[in-house]
Amino acid sequence: MPKLFKKRSKKAGLPPGTLVYTGEVKSKEVKIDIFNYSESSFDEKVVKGIDECLLYKDKPGITWINIDGILKNEDLEKLGKGFNIHPLALEDILSVDQRPKEEDFISNIYIVLKMLSYNNLKYEIISEQISLIVGTNYLISFQEEIEGDVFNSVRERIRSGKGKTRRLGPDYLAYSLVDCIVDNYFIILEKVGERIELVEESILKKSSESSVKDIHALKREMIFLHRSVWPLREVVGGLLREDSELIKDSTKIYLRDVYDHTIQVMDTVETYRDILSGMLDIYLSSVSYKLNEVMRVLTIVSTVFTPPIFIAGIYGMNFEILPEIKWRYGYPFALFLMAASSLSMLFYFKKKRWI
Amino acid sequence: MPKLFKKRSKKAGLPPGTLVYTGEVKSKEVKIDIFNYSESSFDEKVVKGIDECLLYKDKPGITWINIDGILKNEDLEKLGKGFNIHPLALEDILSVDQRPKEEDFISNIYIVLKMLSYNNLKYEIISEQISLIVGTNYLISFQEEIEGDVFNSVRERIRSGKGKTRRLGPDYLAYSLVDCIVDNYFIILEKVGERIELVEESILKKSSESSVKDIHALKREMIFLHRSVWPLREVVGGLLREDSELIKDSTKIYLRDVYDHTIQVMDTVETYRDILSGMLDIYLSSVSYKLNEVMRVLTIVSTVFTPPIFIAGIYGMNFEILPEIKWRYGYPFALFLMAASSLSMLFYFKKKRWI
Amino acid sequence: MPKLFKKRSKKAGLPPGTLVYTGEVKSKEVKIDIFNYSESSFDEKVVKGIDECLLYKDKPGITWINIDGILKNEDLEKLGKGFNIHPLALEDILSVDQRPKEEDFISNIYIVLKMLSYNNLKYEIISEQISLIVGTNYLISFQEEIEGDVFNSVRERIRSGKGKTRRLGPDYLAYSLVDCIVDNYFIILEKVGERIELVEESILKKSSESSVKDIHALKREMIFLHRSVWPLREVVGGLLREDSELIKDSTKIYLRDVYDHTIQVMDTVETYRDILSGMLDIYLSSVSYKLNEVMRVLTIVSTVFTPPIFIAGIYGMNFEILPEIKWRYGYPFALFLMAASSLSMLFYFKKKRWI
Amino acid sequence: MPKLFKKRSKKAGLPPGTLVYTGEVKSKEVKIDIFNYSESSFDEKVVKGIDECLLYKDKPGITWINIDGILKNEDLEKLGKGFNIHPLALEDILSVDQRPKEEDFISNIYIVLKMLSYNNLKYEIISEQISLIVGTNYLISFQEEIEGDVFNSVRERIRSGKGKTRRLGPDYLAYSLVDCIVDNYFIILEKVGERIELVEESILKKSSESSVKDIHALKREMIFLHRSVWPLREVVGGLLREDSELIKDSTKIYLRDVYDHTIQVMDTVETYRDILSGMLDIYLSSVSYKLNEVMRVLTIVSTVFTPPIFIAGIYGMNFEILPEIKWRYGYPFALFLMAASSLSMLFYFKKKRWI
Amino acid sequence: MPKLFKKRSKKAGLPPGTLVYTGEVKSKEVKIDIFNYSESSFDEKVVKGIDECLLYKDKPGITWINIDGILKNEDLEKLGKGFNIHPLALEDILSVDQRPKEEDFISNIYIVLKMLSYNNLKYEIISEQISLIVGTNYLISFQEEIEGDVFNSVRERIRSGKGKTRRLGPDYLAYSLVDCIVDNYFIILEKVGERIELVEESILKKSSESSVKDIHALKREMIFLHRSVWPLREVVGGLLREDSELIKDSTKIYLRDVYDHTIQVMDTVETYRDILSGMLDIYLSSVSYKLNEVMRVLTIVSTVFTPPIFIAGIYGMNFEILPEIKWRYGYPFALFLMAASSLSMLFYFKKKRWI
């Protein structure tokens, strides 16, 4: 199950703007690649250090700096000074348990989002924090991990020069990246949806104890998704309402489209939660129903046989004077009594519709 | 049960405006019919290709182009260019899992809705996406499937020239189509309502395990309806608030009427959900109650017979010295003991009001 | 149980403004009575046809035309033309499943409400649609049925000239009628409240299976009331916010009073729903509790007698070599074993506080 | 349990402004006492009739007329005319099931509230309606009953001249009275809170059937408190937003304090509701758990003894040819069989962790 | 479990502004320490009495007076007069059950918050009220208890002169203190989160009766946290919207950061509540499931052995004429009957998938 949150306590008591990475450090490696493009030209390279990045600040064209992995504090500060990033934004880039949000720092806009991926083996949703700094002629993206992002299609579009990306500014690039992330949510939701339908089918067929645990695991995933998705709407909505010159009106029509998608994602998460609640209800009522059936069988068998056993007990007593025992038809008489008592029971159950 | 959603994942990573049909392709056929009308004249024809449609762009009178089936991408693009449809609208026409919405693209208004129909055999609600493009003198409607729509009454009204349709513009035509779709929801709701009442009656009479599954299926249908209906209100509400010249004030009084209907539809869906929850409660409590009754019978029979069986067991023992066995009235004495123990049990249950 | 809704499907596909009565036709009779009054004069008569009504359009004084029963379409249209009623209002007058609403058609205001009555025999709430058309000098009220309305007190006030009704305009008359209807809701609520308390008492005393059905029936009534009452607030609130000259400010102070009453009605309905949920909880927990008790008795009796029965079984075996049988104190020894095993069981239950 | 509401039906159909007392008449006595004070002077007296009150209308200083008990209609009307009280306010003073509200009638402000008291014997919350009429130089308070109010501290402050009451106007006096009433709610809440904690403890220790009834009774009290407290916020909030000159800005800072208290009261009521729901959950799960335990004991004892009883039954049969009976070690063999079967059962239960 | 609230009843009936401490008095000691600093200078001292504090009112630089413990009423009043604190604020400083709030008294701003700490031994959250008075050049903080606060990091920053605290005004200091308190909530939440995960694991492994009590205790803690955290958002939100010159715009960017944190805290509390509800569901369904299993074993064993026991009973009867007894293969015949009846039962259960 996904952990509820990362260790924020590391940061308690530190002054605002202190740079502390709150996640688990998996690798010290950092990968920086830079795209510099305009409508007519295009340049892509992998750089070694922050100093090379700073050169791009005033270069003509649009620059996209993508940083995979966790930068050292001094590098991050250098970058922050170079591109005029607010210390609180720098702090949030490293606080990887940040709630998705969007903040206008005038010289640039800071966006923080969750990129989700699905671990097919453990049936687990994994979350990675993505921070975007959108300036007038640059966009810097920060990813927690080096491997695996969902931006390849955007890279391809820049390389090929198809689509509008190369013609428009860093706000459109930011939109493209956010769109990629949101689109990827649909893939996660489809996978979760398939698992929900599998569990649902198995419950409708035969409910076992593991069903509850499956439902519980799925419910927790929904809580997790809810937490990641709900603030997303505010982020995109915030960008839409943004007065800043950094977000052009021509881009807003596209952001409105992403906004619709985030609502659809949220809708689906809510729908899944409703369905999961319904599944628990079925599970519980099928358990109740089965208990009922088990008890009915026990009751019928027990009560049908109890009176005959009692009668057999009577004629099994060793009293010296026990007249029926000497009767000629004593045995058939006893059998008749037994049959009569059992049948009257059965008749009663029949009337009660238990059989 | 209706699938939770269609394959959106096909689209992940594609640039905005890419045309991808996200539904299941059932047929490659496309049927285009065109109505051109004014208050005095009227013309109806079935055309073969998109080129013929483009001729109607600047024709006098109002043109309604209805396209059944999924257009090829190049045709859709041609149509889009001809009628100045925004690429995002074109994309959404093919994204058939689109959430109902309304968007003002200045040169025209894009409306997307769900048309529901009820499969009487499988007790299933089927959903088809309807897109409307409302311009100054034209309306283009897109339907996913060739067969079965609910617009015949509108067509009839145009042909006969009765009603206001021919006197008013494409906004009134759009209203008429939306009204048809919403009216149709009432038919779906009635059918679902009838099934709910059937299931309810059967539960109040005799609850079986299948009842839960019926309730669950109905609940899922409600979730499905909720998803289709809820955004409808925003769509019609959005049209009402629309500042565009494309929606005239004279039409808004009619839209207000549809708006009331959508609220009534939503109300009914919520009412059904409440009733279904209540039904699950009855089911569960009737199951509990029955269990109680079954157990009471078991308990009464078992406990009434257990002491006599025990007494019979005692006098069935083979001890050489067992004085009662030799008593003259040993047998009646044993029977009396048995009756006394049983009756005291019965008396106890009587006092407890279990009998 | 009240039907969930009336046949709206009759109307699907018809153009807006088509007149179709969606209720069940109980009688073809129609009764029209007219009050014409001013502060000094007063006139009351029963008329035969619509034509007579039209004469009152421009008569001095205020005219209240009350129409009981369903008018024929042509009559309704004639009336509509005479008093300048919008076709959509005419349509809604006949759509008797209309959600309560209030609409300003400039020349007059259209109000639709539900009048409830309580069938004491079937414990059923019956709903009748009331439509009011409020003009400058007239008010037309439409009732579905000929018998039974709650307006007699208003009629009496007009006849006697007491109160303000005769001094003020049709807006005050409309207020009086709405007030009568809302006041009547309190009577319904009291009756329902009494039934709730009866059921509650019976559940606290002894819960039987019928209790659940009673609770369910009451819950459905609450859903029904909720549907009728909730929109009422919007109706009265809408009248309060109305800018129209037809509703004078002097009347609004009275409308505010009705508004408070509608909130009180809603409050009560919500309170009842909470109480009913609580009752289901008690019912379920008392059923659980009883099951527990039944099982405890069964368990105690069964387990106390099982070991003795087993011992009796042992000494009832017919083995040729079974030493205890020949013992002098074999029988007391066996009895002692039995008592010991039973008592240890009882002691265990005592310790567990089951006895 | 507190009745859900008082007989409003008495009033149905009466014209607005009709004076009808909707409570139960307990006594015909009425007690009127008057405080007249200014910063320097102070006068307190008990008067006999309404006429004496009217004299205070234009007296210098501030007059507080407190009326305990239900005035006769003619007296109330006389008072209303004298102090220019709106007929609807007069009506509401007698409608003792009035929802708390605040209304500005320009010449004065009408406030209606519930004063709660706690009957320690019956564990019951009793509600009494308090109406306040706040004018420019007077305040009239109406209480349903003659005995027991919570205003003594205010009276004492006026008499002693301490605090700000004598220096400020009737709006501050009204604030003081409302503050007394709201403060008193905390006392009620503490008493209810103590009972909740008692019931909670008893449930955590040993749940009996009466626990559910206690929870239910507490829940109903919460519903009752919720109904009294919720509108209180609107009342005080309304006074805060009031534009009238009758409420001075200097008083509003104090009203804001009361406002915070009402929110705290509401918060506590909601918290109690949450806790009570949680208690029902514990109760139900502890009942389930006990059932489980009872059944486990029954199952273990029954199944451990059933096979031995069966074996004893076999060797108790009277067949002439039943070889084992003649065996030398037949009896030990049988005993061994019995022990083996029982032990294997016990072993199975051990493995299942039932023992 | 944390008490629901402290004794507010002490205060009922007292005039506004009366100073009454509503908590439990633990110690009469009071500790006052004062920081006076500017960008270049810094002074820290512990003072004995209020008089020394008053000297700092007009001293240059910024003064932070921190008061631990409960001041005597006369001291508090003296301080209040000296620093122009509103009597209602003074009252609230002692009302330690105050709901978190923020109030602008023009000459200064009053903020009241809850500082939480976690008792690791009793698994209990302890709450202490913190009041802040923010003036133009001073900040006074009041803490209920002498030991243990979370402000050391701020003190350190002032002493060292690092960070912005010494460069900015008392509003930034207030922000720093609020930030410390909110940061500390994350530590509490982590500890609670760990306990939730422990309980969750133990329930998924083996649910015992204590699990419910654990869940209940955690739920109550959540209710407690919810009550402390929910108003926090309003407090910080209120400071953000504050128009007062006391809160500078440069500080608001930092407050926005705290605001995000409070939302994250609230989010986490809600998530925990959801998870706890889910855990109760698992617990209940696992109890149901186990009951089912227990009953199935009982039913199988009972019903498989009952028919054989009955048969043994028959042939244990002592009738003189009982033909089978004399048969040569009577015994094997009886054994065969027994085996057949048992096996048919087993076969039936197999078919029902109970085995």
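Think of it as A, B, C, D and E in the order they're written, each chain with its own count starting at 1.
Criterion: contacts are C-beta pairs under 8 Å (C-beta built on N, C-alpha and C of every residue); 3 or more make two chains touch, one makes a residue touch a chain.
Owing to the predicted nature of the structure, the values given are computational and were not obtained by experimental measurement.
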item: Superposing rotation of chain B relative to chain D, computed on C-alpha atoms, to nearest 5°; value: 145
item: Chain A and chain C, separation of their C-alpha mean positions in angstrom; value: 42
item: Centroid spacing, where centroids are CA-atom means, of chain D and chain E in whole angstrom; value: 26
item: Set of chain E residues in contact with two or more other chains; value: 284, 288, 291, 295, 298, 302, 309, 313, 316-318, 322
item: Category of the chain touch graph - line, ring, star, complete, other; value: ring
item: Chain B-touching residues of chain C, taken from the complex the two chains share; value: 4-5, 7-9, 11-17, 86, 88, 97, 99, 101, 103, 206, 209, 212-213, 216, 219-220, 223, 227, 280, 283-284, 287-288, 290-291, 294-295, 297-298, 301-302, 305, 308-309, 312-313, 315-318, 322, 324-328, 330-331, 334-335, 338
item: Chain A-touching residues of chain E, taken from the complex the two chains share; value: 150, 152-153, 157, 162-165, 176, 179-180, 183-184, 186-187, 189-190, 193, 196-197, 204, 253-254, 256-257, 260, 263-264, 267-268, 271-272, 274-275, 278, 281-282, 284-286, 288-289, 291-292, 295-296, 298-299, 302-303, 306-307, 309-310, 313-314, 316-323, 345, 353-354
